[in-house]
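Each chain carries a letter (A, B, C, D and E) given by its place in the written order, and its residues are counted from 1.
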């Protein structure tokens, strides 16, 4: 192929990280007038990593944003293409909140309730049966007297995985369904997938679009519950009412402290071979990992993401400087 | 209808008294295409149960006049007719006259055979069907058969009535179009160079057919062939540059015309 | 000499050829141009073509062939232990050698000598020149890179000489063949014809490229998921690997997506076909020239509006409107003001897509209706039919095959539409019949599976390629059928 | 004609000789005729109604984006803040990295009468100013360092939230904590508006700025230029190639199975989902040919391939419509087939070709999906200088803004749609003017 | 060229000896449209500086034969010609013959006037331009003027050479087409019913023009009007059903034809 001189950092990947990466890129461009503002592509974690793992060289991207950790298979694929040295940077956490229309009463959710409401099969009288519940009150009288309608992330979103892991799997256990399932299925994999299978009768709606779409759905069905990122919720707090999970209100603090259970780490991955080669790459990574950008008082928090604890941030910086690779 | 103008009534009666029955009367007919004038005050009457041939060099207005007789020129953008034309006692350009009904009474056959892309049966049944002339299937069958017979086509197609009309030969197609026109039992049939796209044998057949149709219908035919006019018509009208030059008995016209231009045209001095 | 410079020189030779060629022809004609077979310009063009075309072709061949030759020579020089490794590893190594050689060529001779003396500095030295290396190079690589560089330089010199010789020789030969009776025009037109053929073959190449760019990945997908599960599966749920599990199985049933595609397409056609057809009929048979000249382009504006705009129109206007109106309706009837139409639904997407398709239907049908010979119209009117009878009973039946062909083409566009559905129909892959509920289409899933959080090596992503190929085949079938029908129709009037 | 007087009995005869009037169901037939006609008008009205609805819905949502709230106040370029130790002579970097936002904040605080030591209030004051003020003030200072130490009136962007509030797009009835702007800020806003310091200006930034995460500073400049480059590339490539292909297929190719194959193939390509072209572009242009990612060049090439079938189909129709008599006339004079086509047929077909090209270009202009895969759905802040530089496109920008969380992006999304439609209309007008020239029939 | 077959040479020489100079010789010319045969072994020679009229009923193959003379049928898909046609001594179906050059030598005027939608000047100049007949603008101006003069159009259009050719009246358009054909100085001019779309006055003008052109060109004209054939031609050939029925001096043909079919056709018994 045609080799091209590149004087600009190129980033691709997660649409969850994208908004914040844009802020950083923009501020970077303003703070370092010598360097061009990095290009941040959308395209999803998978798409971004795919481009990232195409190979090494100026005609490949430098950084992949990811709303989940890179998978073993992907690391292998990267290696096969010559991308042997990948540095992982954790930038913070994305709080995942449940919210309804602002006109509704306060909502207090438990993983157990969510499991009962959304699982494909629930245990009734010690038996696994197809989920019969139609109203929240059938599950828990303290919940609103409305039909169950939940807009949850579609399977293309990493958030779905977090939702399954942090809510459904826990709820499965809390509801006592896990034991029944364990008894019925020998295979650990089957056990897990039974626990996190979501009902398909239309009460739980997958959303593959962005949070704006979920918001539109809630606007259309005022009693529906939607899953949002904390930052999105904060920007639309006038339209939405956030639910507590296990009694904890999701805030930057409660998420950072780990008190609020549903969050996920956000990452980006850097090609070490490109450091010192692509102008601005090293500076960008250093800028991004500085406390100005991901510290507790940074735009990160203002934007609605959650900063990692001090020690973790320090560790990230050290690992980068040391050139630690995966 | 009482809509008929007195003048027209008068005229119609005039003719009757001379024992000539005029089916259609054209008085001071002029036609304009936009700015362009194609006919100049033509006065031409069509006799009942007679074949009237319109001849004249290309572009002289034969087709234009023919179209005024069943208002087919209504379909041409920017075409305007002045003067008066009556069918029996009805002024056909009277706003109260219904053009659909008029065309059911004055049928038309075109230069190029234009069967519909439907079966032979459907081609013939089309007119009666839209006008609701047949109550039952049997009636329709009868109409179709009679019309095809009148058009001299029945024997050739009776076994393949359900086949496409466009699959017939040119001459057959033209006779199918005549059958189609006959099927609505019009009073007058207009034909615009019906044989010009046909081969000699087909032409002969159509000419013979015109002969036979004369008993039941009034026929006006445009032709570019003087021989054909001589063969099929009883009256001939000669047009030139939008004017009616002469109208006369066909025999007289081809032997001893009144007008020098007719003479010249027939002798082949122009056109 | 760089390629662009070389091309420029060849072009200059070509222009010169044109000038001398035309001049020579004029001279031969000696004032009586008609004694020439062709105009002088054709002789000039002939010389120019001979000067440029073979040279450029040779250049192309060289550009393709020489790297292959060089690569195999360089690989021959690899140490035996490297040769023993897998082909993939060797490729990787060769890639790296390529990078090194690119870097080496940027160094000054002194720097290069220094680098050979101490191979371990290679990575830093080259990085400073903007050439990233994935790892420290092995010693043999430096040598190979040097070989590579030498051969590349030699090749480039040869290339230039070769191209220039061919250009000059070609031009000269062509120049010599100029004679008054020489058929220069026919030759030049021959070349033009080849160029035209080349342009038409781009369509074929595009198809080949599309299939090729999807096929390998689709094959990977079918290696992981049995084809029958894909084609006949009724559940679409390519879920994440459950947390922690390594295996990432899912359900990849095409049927619900296909059902959604067809359902939404059907609704769209139900809107577009009657509206488009009636609009076409009105414009071609009734409207005054003035109305037509206003209405037709305005309707065609609908075809020019980007689909993303339609998507937003559906999302923010039509969807909520349908939802609210349905709430009002159900309120009036049952007293319960809850909407039975969802804002994102088959209806919303189909309806808006239908609006987008109106001009496709109306323009295509308009053309077809006007193509029905006037004779048929006259025939029917002459029998006393009204206009609408003529249209319904003669014109439409006659135009029907053509219209059906046009509709099939419109349908294939509906099947391929993405953005409207993404925004207006949602992503729920369900099989159901209620048009007020959301469904989704193949195209939406292609976009989503490609742009999600999904692991890019997993079937969840790869399925997009299988979907793409499937859709390609479906629209191809629709189009073949459309062509077949249109052909039949044409035969009727020819 | 004859002049015989009339007799009454004869009049009766004339009437009687008329055949029986048949009932051919005229009433019903005319009713059907009127209904049919009505359907036609209704169909056209329906189409036009939705066109206007669509335009209305876009314009009514987006027209506010063409205005932007700006704050004009005297700003003191305090040496204390910018260059405390007076190092700028020796260290120019100092002026670049100075803390300009504080300069602006202090100026606004002074106007509002906020005490400098009220940190909470200061933060809220800061929240009213766009972050882009940093670059604006820096540029002022670096261009003219003498400005330091003086007080100058400066007009800068209000923060996006303030802009939304000022335009009345934020619901002030919800509790203070649930909105992005506080009651105190609202008060200040009103105060500034009364004094004339806060006012709406025409939003030139919308047209010239690149992407930004701050709605008030975000613009479609990069997208506009990217779209422009791509349209030029599409035009320059797809028109000649499409026309050449059509000429071959329509005028030269023998009519056989192979040309049928090409025809089906081209029709099919016109219907292939656009995202598939993105896959093709990624594989061929980026991975195989090695063109840069995110570049308008690649986007243009992909859209070219996508547009070609449309142009070919339209051009073939236009060529077909040229009367054969023109071809025979030229051939009869001894023109070669090639000359006939290029001298006569092509010029006559030009209006039709241009129409097809416009439809194709409009289609290409509105495409998002294929650009996703070649990296053009991206955040690009710097205006591209060449088609090889990273760029985005108008529909991409619309798509990205639509997914932004900030309220202020909502109007901008519609605003960008308006810009896209204007771009489209300009393109159309250009083509129509061009077509006029070709349509000059004698 | 030495490509000419011996037989053809012989024939040409034969005729020379009889003091008749044949410009074109058609021997056993048959034409097929796909499966359909349109001409059956026609042997017809065209004399130099003579007007040869082709007559016959519709569809008999007149146009088809005319088109074989300058290979315009090459442009019709599926059309195949057998037999041999020579122009002077060149076999025009010889692969070595350049059809473009042939058509410059054998020009053609069509039934419907088909001027290019360009200015009058450009219409006439087009042929000379592609054949490189004029070196300078002045030469071209001269050619255009002469051609228009030969076509009897100069006086009518000399003040509006830059106006569109399609703005002329039908007759003027047809004369423009003749001027256009004349401008490349062909040796033979073929005309396919050149007057059938014209009015009588325009027809008369064109006929007069044909008379004058005869001095410099060999002309073959197809006409459906026997009168026209009689007026303009010296030789007449009668076709019927794809066969050449008779070829004779026009005078003889119209007074005392050899063939019964000719007689019948001329008498108007068919066609």
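Here is the rule we go by: contacts are C-beta pairs under 8 Å (C-beta built on N, C-alpha and C of every residue); 3 or more make two chains touch, one makes a residue touch a chain.
Computed from a predicted model, the values in this text were never measured in an experiment.
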For subunit E, the least number of touch steps when starting out from subunit D = 1
What chains touch subunit A and also subunit D?
-> C
Tell me which of C-E and B-C has more C-beta pairs in contact.
-> B-C
Chain whose Cα centroid lies nearest the overall Cα centroid | C
Cα centroid separation between subunit C and subunit D, in whole Å?
-> 22
Per the C-alpha means, the centres of subunit A and subunit E lie apart by a whole-Å value of 83
Cα-centroid distance, subunit B relative to subunit D, in whole angstrom = 60
What residues in subunit C touch two or more of the other chains?
-> 185-186, 384, 386, 389, 450-451
Set of subunit A residues in contact with two or more other chains = 3, 15, 42-43, 47, 209
For subunit E, jot down the residues that touch at least 2 other chains.
-> 100-101, 130-131
Within the complex, which stretch of subunit B touches subunit D?
-> 9-18, 21, 43, 45, 88-89, 98, 100-101, 104, 130-133, 187
Residue numbers on subunit C that touch subunit A, as the complex places them = 88, 92, 95-96, 99, 102, 127-128, 130-135, 237-240, 242-247, 250, 315, 319-320, 323, 339, 342-344, 422-423, 426-428, 430, 437-438, 444, 448-458, 460-461
Over in the complex, which subunit D residues touch subunit A? Could you list them?
-> 96-97, 131, 134-135, 170-171, 174, 177-180, 210-214, 286-294, 372-373, 375-382, 388, 390, 400, 402-407
Complex interface listing, subunit D residues touching subunit B | 1-4, 6-7, 10-11, 13-15, 17-19, 22-26, 29
Touching subunit E in the complex, subunit D uses residues 255, 323, 325-337, 339, 343-344, 348, 441-442
